[in-house]
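Below are two complexes that have chain A in common, paired first with chain B and then with chain C.
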Partner chain A sequence: MVENRPLLNILAHVVLILGVAIVAFPIYVAFIASTHGPTDFLSGLIPLGPGHNIVPTYKTMLTNGMASAGMPPLWLQMGNSLIMALSISIGKIAISIISAFAIVYFRFPGRSVAFWLIFVTLMMPVEVRILPTYKVVADLGMLNTYAGLTIPLIASATATFLFRQVFLTIPDELMEAARIDGAGPMKFFWDILLPMSRNNIAALFVILFIYGWNQYLWPLVVTTDTSHYTIVMGIKRMADVTDAQPQWNYIMATAILAMLPPVLVVIFMQKLFVKGLIETEK
Partner chain B sequence: MAAITLEGVGKTYAGGVDALPSIDLNIADGEFVVLVGPSGCGKSTLLRMIAGLESVTRGTIRIGERVVNTVEPAERDIAMVFQNYALYPHMTVRQNLAYGLKNRKMAKDEIARRVDEAAKILEIGPYLDRKPKALSGGQRQRVAMGRAIVREPAAFLFDEPLSNLDAKLRVQMRGEIKQLQARLGTTSIYVTHDQLEAMTLAHRLVVLNAGRIEQVGTPLEVYRKPASTFVAAFIGSPAMSLLTAEAAGGVARLGDATLALPADVTAIGEVVLGLRPEDLTPVPAGTEGAIPMTVSYIEELGAQRLIHGQTAGQGIVCAVPSDVEVGASLAVLPSSGALHVFDAKSGRRVN
Partner chain C sequence: MKRTLFRQRALAYLLIAPQLAVTAIFFLWPTGQAIVQSFQQEDAFGLHTSWVGLANYRALFSDPTYIQALGVTVVFTVAVTLSALVVALLLALAVDRLVRSATVYTTLLVWPYAVAPAVVGVLWWFLFNPTIGPLPYVLEQMGYQWDHSLHGTDAMILVVIAAAWPQVSYNFLFFVAGLQSIPASMREAAAIDGAGPAKRFFTITLPLLSPTTFFLAVVNLVYAMFNTFPVIHATTQGGPAGATDILVFKVYQDGFVALNLGSSAAQSVVLLVIVIALTAIQFGWMERRVQY
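So, the complex of A and B:
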């Protein structure tokens, strides 16, 4: 659309700037809070300028953690979160791309049953099946392990569905050409399908990484050992103090740090992410 | 290079649909055979069965001396060119050409030699390091053919390879395919629904209709002596006019006109007369043996004009040079020996 209406431009910008401010302001406050001393936020007046406590706060949190609440240092929690987010996103992508490959390219008995079973699980979020899942994980002795944290979240109907749609847009002739070129099923998968779905994999990775990083309820349930705490649930544990004031500067520093990896993933994979969602170059 | 033999080859789909009842066909070594027919006649199915992309319900397919009914496509020693090119979009042209050879574990320098040779033949050398996305339709088609050539197969299979190109490019590529096949001398089977493509390319035409072979022959044989009304109407452009007439005593009555039948026609009763538009010449009204027609409309083709009209309530087309003036009605005289006579019931040729 080619239009030149200055008033409309100004209005659009005002709305956009307002929107950005509404989203960004709480994050700004969180960052400011993490730069002040522990008591500055209890006076009732919230400072809007940066304080002087930034280095000691972050240093304490990263190396020692909030020892008073029995929390491990943040680098450990972030590491746990990173392991969890990576395992979930890589595991989900690996499993769902292979199941989509099976569903789209093979005729086997029970194929449509398998497809519908996967489809039905779309309607069941982790929260619905959390008790039976917990029982299974506990009986398998996987409480307080990385396997227990990640495996129950790896199966993904959504990702399977997405890859199915991607594969369906790839013309059959390509598969036939590959057959004539002497590529067996797995070779076709590696040489043709996988490179062709690269952008979709990247887009999905961004979404799943954030999904995995932001997991809260499940880590809360399966970890009791602090060495397996993830950072997102750690924030909650820190704010949950009895007979004392929460140490907001530490909590906010944790929140800011918890936000960083997803932001970095989005920033660095933005190009691929957008490409994967909009491009159809088949 | 090898001959291809089909014996009683048939295909029935899972739902019980009988796509091809039974096909017998011998294709000689180095021959260019075109399978032509309207959509749904089974020509693509037949080609895909030869390629090994479709299972064979009955009969045997031989490539050379080998029965290949259950052999994997890659081991049939064939190469196929698809309508939508089916190039691997994430590979460069060079990788596209080399992929099949690499899968055969061919030595690197041999692959490079073959790719360079194919690139030279098809003049795609400058694009070897581009991706298919950066190529035009004609260039992609060349690459698809290059992928077939590098394999040096026993047979090329073409599945409507020119359908996605614009008219001008199609004519050019048609010529190139013909020259290429003549140069390489590889047995080729080409599927198309375009009768002009079929006529110009084929050594031998196979006209298919509803899963059956209507006629096999050189393009000129098929054009001059169509075996049935189906072939008569399908081959040739503009299409042959088919007129129902009453035959008796060596002549056919078509409305007011009386046409002498060829001597070998003994049929009596209803027959179908086939007249090619280019075999009709306008003559003064009342000439003996002429067919009167009223003009419905005229198509200008530049070199000639097509007069569409009616005679005795049936459609008839006549081609005249573009300088001939045409009124509201005229009489046309078929040139001698130009009359095709078909049985009205079976549609088979009787002369």
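So, the complex of A and C:
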């Protein structure tokens, strides 16, 4: 701070409190709505104080889901989301770290071609080529499978570049020393590279977990079977019931449960989250 | 570049194979398919395809709904980017002033980034619900009849707010980092010379923040153009009357719902060109930054 201006400090607090309020308001209303019974919304306005129906609402959603909307129980959908988030984050990290290892530490024909092939995927977000990608997955018989949900998303130019960057900063002497001591490439990878990139892996994992959990379009097109629904896409199917007034208490309970895991990850691993965010955008 | 390299070729290929396989099967092949299909037309029964040259593109750019979607996308993208940047900068400046409470505020402001865009959409859809939502109630007291299922502008405001909301957290973090990297001595020198806070902001802070701002602008444009599909799909579905029909939503809608392969493929290619341009700008800027 350059000089002490109490008025500006107060203004800063006001701006921030307002910001926090805007950020928290939708979540507060969603949570309040999820604590009410289904009839509480008929009176005209969302109640702004907590209701008494919190236990039945969450219990119904977690164990039964909403049969009328074709919604399987939420524990199952959260399980699917967890499988998806973990497979995507671990898969991306695994295949990216070994390809970065190959690109940085090996001499082989086609190395720069491989590097460029990985690079151009940055310019092909799945939203842009959704129909032909769906066709490939359908032709391979991967619709309604966990493989179909995850494998098409695990190529990652960003992660490969991140690990390449990390490896480039590791001193050459380490590799030379390892070679003199008779260590082969894989031993060097396991005993030196992997431990040295532990922090980067953790930071990347936090970012990718959120990315995987929050996927929407891809599960929407590759899952038609309710047993493979993820919670983030399931919430939409629930709000879609056109012939009836949406059951807001159930929908909002689903919204709260859908955001809880990634939000908790960010709050409890804030340092890693910030590190990951900044590293992946370099 | 490393001084010495391993020479086990077979192992190198084995290591890079999984990444390349996924890239080839699920990225390059479908993209190639989209490009090829954009020059083809399928007959009504899907039995026969023929080459039609640029007919799909001509049809696309003479289709009023596509022209409308282009305009909607521009308005939406610019509105999301601007509002997310301005709000985030304001919050970052406030946090930068405060020493003791900065970390608490930061924690309270970053977590929306973790909320899925689809969930964010549903939340604001609920808050703006014309019959039971609290926000239309407040607006009604002020004499405004909010109804996003009838009024295009209302629908646009709704999706812009929903799309910008999680992005504010992201921009905020980068602005805070950017502000911290501005040497305090510069602002102190200006203060000694008698420049007030407003003058210091416009003559020192804002110019020195411009690399961060530019980087964030590109990232936000990419986000608003390509990652906001869930926001639209979970709320307005492009309506009313195409008022929120952005390009990534249209390419999905025309492909999966209307099953218009040729048009959808041509739309994919147009989007591809936009991504390539934005990526080029982003990397061009990074190259420049490295030289500083």
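As a convention for this text, the second predicted complex is superposed on the first by the 253 of 282 C-alpha atoms of A that agree within 3 Å, B and C clash if a C-alpha of one lies under 4 Å from a C-alpha of the other, contacts with A are read in each partner's own complex, and residues count from 1 in each chain.
Heads up, the rule we're going with is that a contact is a pair of C-beta atoms (placed from the backbone, for glycine too) under 8 Å apart; a residue touches a chain by one contact, two chains touch by 3 or more.
Computed from a predicted model, the values in this text were never measured in an experiment.
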item: Room on chain A for both chain B and chain C (clash or fit); value: fit
item: Contacts of A:I192 with chain B and chain C, given as first, second, both or neither; value: first
item: Contacts of A:E176 with chain B and chain C, given as first, second, both or neither; value: both
item: First, second, both or neither for A:R129, with chain B first and chain C second; value: second
item: First (chain B), second (chain C), both or neither touched by A:I278; value: second
item: Partner chain(s) touched by A:V55 [first = chain B, second = chain C, both, neither]; value: neither
item: First (chain B), second (chain C), both or neither touched by A:I95; value: second
item: Degrees between the directions from chain A toward chain B and toward chain C, using C-alpha centres, nearest 10; value: 90
item: Chain B versus chain C as contact partner of A:V15, first or second or both or neither; value: second
item: In the superposition, chain B vs chain C on chain A residues touched; value: C
item: Lowest C-alpha to C-alpha distance for chain C against chain B (Å); value: 6
item: Residues on chain A lying within both footprints (that of chain B and that of chain C); value: 176, 179, 281
item: In the complex with chain A, residue positions of chain B that touch it; value: 51-53, 72-75, 78-80, 82-84, 86-90, 99-100, 103-104, 133, 147
item: Footprint of chain C on chain A - complex, ascending; value: 1-3, 5, 8-9, 11-13, 15-16, 19-20, 23-27, 29-30, 33, 41, 44-46, 48, 94-96, 98-99, 101-109, 111, 114, 117-118, 120-125, 127-137, 151-156, 160, 168, 172, 175-176, 179, 184-186, 210, 213-214, 216-217, 220-221, 232-233, 235-236, 239, 248, 251-252, 255, 258-259, 262-263, 265-267, 270, 273-274, 277-278, 281
item: Complex contact set, residues of chain C against chain A; value: 1-9, 11-13, 15-16, 18-20, 22-31, 33-34, 37, 87, 90-91, 93-95, 97-99, 101, 105-120, 122-127, 131-134, 137, 165, 168-170, 173-174, 177, 184, 187-188, 191, 197, 200, 215, 219, 226-227, 229-230, 233-234, 248, 251-252, 255-256, 261, 264-265, 268, 271-272, 275-276, 279
item: Interfacial residue positions of chain A with respect to chain B in the complex; value: 171, 173-174, 176-183, 187, 191-192, 195-196, 198, 281-282
